[in-house]
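Chain lettering (A, B, C and D) follows the sequence in which the chains are written, and residue indices restart at 1 in each chain.
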Amino acid sequence: MGAVNNMNLMQFIATGVAMGFIYALISTEYTLIYNATGLVNFAHESFIVLGAYLFGGTFARSLGLPPWLAVICTVIAMGAFGVLVSTIVLNPLRNLQFITYAMFGTMMLSRIIIESSRLVWGPLPFTVQGFLRDSIKIGSTFLFKAHLYIIAASIIIVVALQIFFRTTKMGKAMICVSQNKDAAALMGINVTRSINLTVALSAMLCGVIGIFCTPLFNISTGMAASAALKGFCAGVVGGFGSYPGAIVGGILIGLLEQFGTMLFPTAYKDVVAFGVMVIFLLVRPSGIVKVKKA
Amino acid sequence: MNKKNALYLAGWILWLVALVLAFRTANSYVQSVFCMLLYNIILVLGLNFITGLTGQMNLGTIGMLALGAYTYGILTVTAGWSPWTALFAMVAVGYAIGKVLGYPSLRLKGFYLSLTTIGFGEIVRLLAMNLESLTGGTMGFSKIKRLEFFAYKPENRSDYFYIMLIFTVLAIIVANRIVYSKWGRAYKAIRDNAEAAEASGIDISKLKIQAFTLAAIYAAFGGALYAGYNRYLNPSGFTLEYSQNYIAMLMIGGIGTVPGCILGAIIVTALPELLRSFANYYWILFCTVCIVMAILLPEGLWPLIHRLFARLGKSLRGLRGKVS
Amino acid sequence: MKRFLVASLICLVAMSAGAAPKDIVLGLTIPVTGPQAAGGLEALSGTQIAVDEINKAGGVKLSDGFHKVKIIYEDDRGDTTLCDTTVRRLVANGAIAILGPYFSGQTLALDATMRELKVPLVNSATSIKIPKLENPWIWRCRCDDGINVLILGKAVMNDYKAKNGSLAGLKVGILCANDETGTSAANSYKDYFDKNNVKYYADTHNKDETDLTAYVQKAIAAGCNAWVSSTHDIAAPTLAKAMYQLGLRNQIVYMNPILAQTQVLNLMQPEWVEGWGCASDYAASDTRPLSAAFTKAFNAKFKGNPIPDVQAALYYSHATVILNAIKDADSLDSPKIRDAIAKTKGLQTLVGKAYASKYTNLIYEISVAKIRNLVPTISGSVSMADDFGF
Amino acid sequence: MAVILKLDRVTKQFGGLTAVNDLSLEVRQGSIHALIGPNGSGKTTTTNLIQGVFPVTGGRVLFRDQDITGKPTFEIARQGMARTFQNIKLYNTMTAIENVMVGGHQLAPMGLVSSLLQIRRSRSEERMLEEKANRMLEYVGLASIGGELVKNLPYGKKKVLEVARALMTDPALLLLDEPAAGLNPSERGFFIDLLRRINADGKTLFLIEHNMDVVMNISDMLTVINFGRKIAEGTATEIQNNPDVIKAYLGERYKVKR
């Protein structure tokens, strides 16, 4: 591969890390729901799509709000949506006999959300002009502004989550609920309220991901499909259930993808991500950052 | 053959006759839905061994089907085998997939396993899309030969219904013999309480791999019939969404039961077609029905119907008791 | 459960039988849900424009009077197995001709079905493999990838010669999606450049790719100085963005008609694609009489939701071909309509003059547009009809 | 009497914690041997070590003079060792008789393919399992509830059903993990008679219990452990008056009134 050496390796690393942080943010999100409800949320792809549509379609385009106001409105709207979904769908699913039922329920929820987005905002892909569209250049390497916001957002969110769970009463309550719902209930913690809060928190997180992916992926019903699956891979590789693990896993998958395209034809990029995940699942299911399981 | 079995046998024959009669009177559109129903039944019966009985989430069903379909296509067209020998090669394909997916199922549980199976399905689809010389890539693989039954040469798609029906009935009989036997019980024991099963001498690893192999052989057979019926394969038809549909069939029909699988296959295949008159909204309606069923009917429709029959039977016997 | 299924479908068929004189029923099998829903909506809207026009003039005039035209459509989700079911449902509900499906893969899958149902089908699937089916029922009112490539390949070479004096040192980067249209175009480009002994570098990408930086970097490293591409509405902006960010400025780039679609251009920044060329059957900004009339009618009916684009214009032309064939055949009998289509000669449609070849192809010309500030300005249409003996 | 089960200096450490510390004991063939000790003294861990659920950190386990250390659980079970659990582990979605029939899975040797092909033989195998299961249910007095779903059964009956399932394979050694836990006095009486009957039929019982009065009147030999170490061994009367045992159970300040 003579062509490889004169390629800008820095560019590979920059894009790899940037994309990696998107996967990291996604895996942080569903780790949140998994820790809180013990339920794997297959619907988080649709949460991201909904966040993007709410931001791009409703707030930015039809209401014409300035971007940053639109961001705040979207996050609040997603929080409310999270509570709604949690009470109507996720809670009843949570105490089903077999985990397979709950997973199946979230899959159907995902299709319903994506289908209704198509019906409400129409099937044509669109984007928000002028919102984080440009990029910055360091030497011959470029990075999109949107990527920088994603990196900043994921670091802030992971740090905030750590502080929230370690110091605030509500945060500790959520950890108790995630580890043992019955015991938590006995301690007087309102389990349902705590789970609603967790789902709302992760819905807001998905809203943020949707917003910052708009300039990168453009808004369409399938925008988050591959990113969501790679978010799963990142979670597994990084160490399931640990937030720092999600970041490590995300960056690793992002880098491997970029360097994978150097070796194989680009269409095999996704195969690389899934292949790495399957290897990790077999060799080291607990992932890189060993999770101290209770 | 006590009275209970006779009743069951009559039920099956009645269902079969109704199916064939409905098929013959239907127009070519409804006939195509029937044919889709047949290979869906085979797939769900296979999936039932893993997710239904052994309780392990499998989202790679469509990957198994794709492997079976492409192997059958390549064997009959590129390698020039006769369709029947290719069909029996499906057992080997199923065996291989069973081993590949079986081993991870020993070490991984629930969500992790479903991820491995999703990975398996996606890798199969991506390879089918990019290995153009072998699978024709996104241009698809065409002119796949159909099974011929001595003089019976199925020309149109609907003629293939009868051959597929033979295999579906065979699949139902074999599934019935496995599910309602010591094997079915052993699988369910693993699902309900693995430690207790192991402590009473059940080799859990062997049985888990066996369940995966059974499901893979069923899926490979289904794939071969799917390839024969459509005579054309395209990777775009093997996405994760279809694996989710098979889980939907299992859940709605009735997890772990053979009539439940068939009922689930009928509902999930026919419902979208019936709701087509809602044009733009039919897909949302279908998904809402599925999620409502998942929440309200955790064990699925068949146990409900079964209980109705049983109660009906009891009240009839009660009535006859009073009369005679 | 069985009887309920059959009974409800039979009553549906009875309901849509229609009053005398019999309506002309056109059946559309398009992706209403699923990833390609945008294309489906455009196709449906384009057909509705054609049907409204004919019905405003009283319908199709046959010997036994005027026949109103009606559209029924089914959602095939862009799936190669489901399209067989939807086509059968349309024919069972009275469709005498089929428009769609959207993808080449689906069209290949319908080979046996159309021979069985004996109903003509017209769509815009461009794969070069479709005529090889030699299926008398499958027609295409759009020039195929082979012709696209001839026109765009020549344009690349002309631009390069104009810029550098000679073809020396030309290396073309063929960056196509790995779906059916992409692979078919890529293979045609490879043959064309081999014939004209032009060096090239080819690589494929997934059609809904959201990051192509490494992909483009590999192509630049391979020393390409001109580009051709055939891709989809999600990957096109990603490709343009990556090429711009990696420093490629005023390059010779020719793309498939996806670049002329307004909704795809809206996803891009003007500077990404300034000066790029693309083949395009139609562009909303085209001022030629037929296109302008269609754009006006489209905007009058849909008022910007959706905006007129290539697929709408194509399905408008498919409807024109079928309705014209019905008039020539003076009958609603599908085989007769097929024969009339096979005899189409010089029919002026929105996307060009239609001449029926032995199998499938009807159109041999396409316009070439240059993108100026996100607006595709059509410089004129290039016709290869004479090469095909018309 | 021959020794059926021998623990030879068995140790088990979880990270820093030593759950079982250098434990050696021998169980006589045909006897009722009880392993007692206060809560958390490593009783259940010992059963799991015997049955190979966890690997042993040190020492050996011998069953009928064969070294079964490190063997997988199902292999040990197949050599004639059955078990009941501290918290009941039954198959809730199946009926009582199905639960017992699954217990006898190892009695039906036919492979999957042969059981599909040879219909007559597999039918007779099925009938054998069903008859044996019914016999077991009668033996433990649960014949009437064969068709009931396990999740609808009361706690007492579930405990007895677990014994029926364990007996299905005619085990040489029966491990009973806290059999008396959660039973009311009448159920406990019935349960003790059942154990005596099983023992009378030649089966060795290995009881794990912290309830003194159940253990005292039926076991031939007792081993007492505390914090994983053996502190006493002997017959019921010897153990009752052993000061170390009393101290372990009742704590330092309790004085024995002579």
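Here is the rule we use: a contact is a pair of C-beta atoms (placed from the backbone, for glycine too) under 8 Å apart; a residue touches a chain by one contact, two chains touch by 3 or more.
Just so we're clear, the structure is a prediction, and the values are computed from it rather than from any experiment.
Participant: When the mean CA coordinate of each chain is compared with the mean CA coordinate of the whole protein, which chain is closest?
Facilitator: The most central chain here turns out to be B.
Participant: Would you kindly tell me how far, in whole Å, the mean C-alpha position of chain D lies from that of chain B?
Facilitator: So the centre of chain B lies 41 Å away from the centre of chain D.
Participant: Averaging only over C-alpha atoms, locate the centres of chain B and chain C and give their separation in whole Å.
Facilitator: 37
Participant: I'd like the Å distance between the centres of chain C and chain D, where a centre is the mean of that chain's Cα atoms.
Facilitator: It comes to 74 Å between the two C-alpha centres.
Participant: Two or more other chains touching the same residue: where does that happen in chain B?
Facilitator: 129-130, 280, 283
Participant: Which parts of chain C, given as residue numbers and ranges, touch two or more other chains?
Facilitator: 33, 178, 204
Participant: Using the contact rule from the top, write out all pairs of chains that touch.
Facilitator: A-B, A-C, B-C, B-D
Participant: Please name which positions on chain B make contact with chain D in the complex.
Facilitator: Interface residues on chain B, with respect to chain D: 174, 177-178, 181-183, 185-186, 188-189, 191-193, 195-204, 210, 214, 256.
Participant: Going by the contact rule set out above, which residues of chain A touch chain B in the complex?
Facilitator: Against chain B, chain A makes touches at 34, 40, 89, 92-93, 96-101, 103-105, 107-109, 111-112, 115-116, 119, 229, 232-233, 236, 240, 265, 267-268, 270-271, 274-275, 277-278, 281-282, 285.
Participant: Any idea which chain A residues touch chain C in the complex?
Facilitator: 3-4, 6-8, 11-12, 15, 19, 115, 118, 122-127, 133, 135, 140, 142, 144, 216-218, 220-223, 225-227, 258, 261-262, 265-267, 269-270
Participant: Chain A touches which residues of chain C in the complex?
Facilitator: On the chain C side, the touching residues are 33, 35, 37-38, 40-41, 178, 203-206, 208-215, 217-218, 221-222, 233-234, 237, 245-247, 263-264, 266-267, 269, 305-307.
Participant: Can you list the chain C residues touching chain B in their complex?
Facilitator: Those in contact with chain B are residues 1-3, 5-6, 8-9, 12-13, 32-33, 73-75, 78-81, 84-85, 88-89, 91-92, 103-106, 108-109, 111-113, 116-117, 127, 129, 178-180, 182-184, 204.
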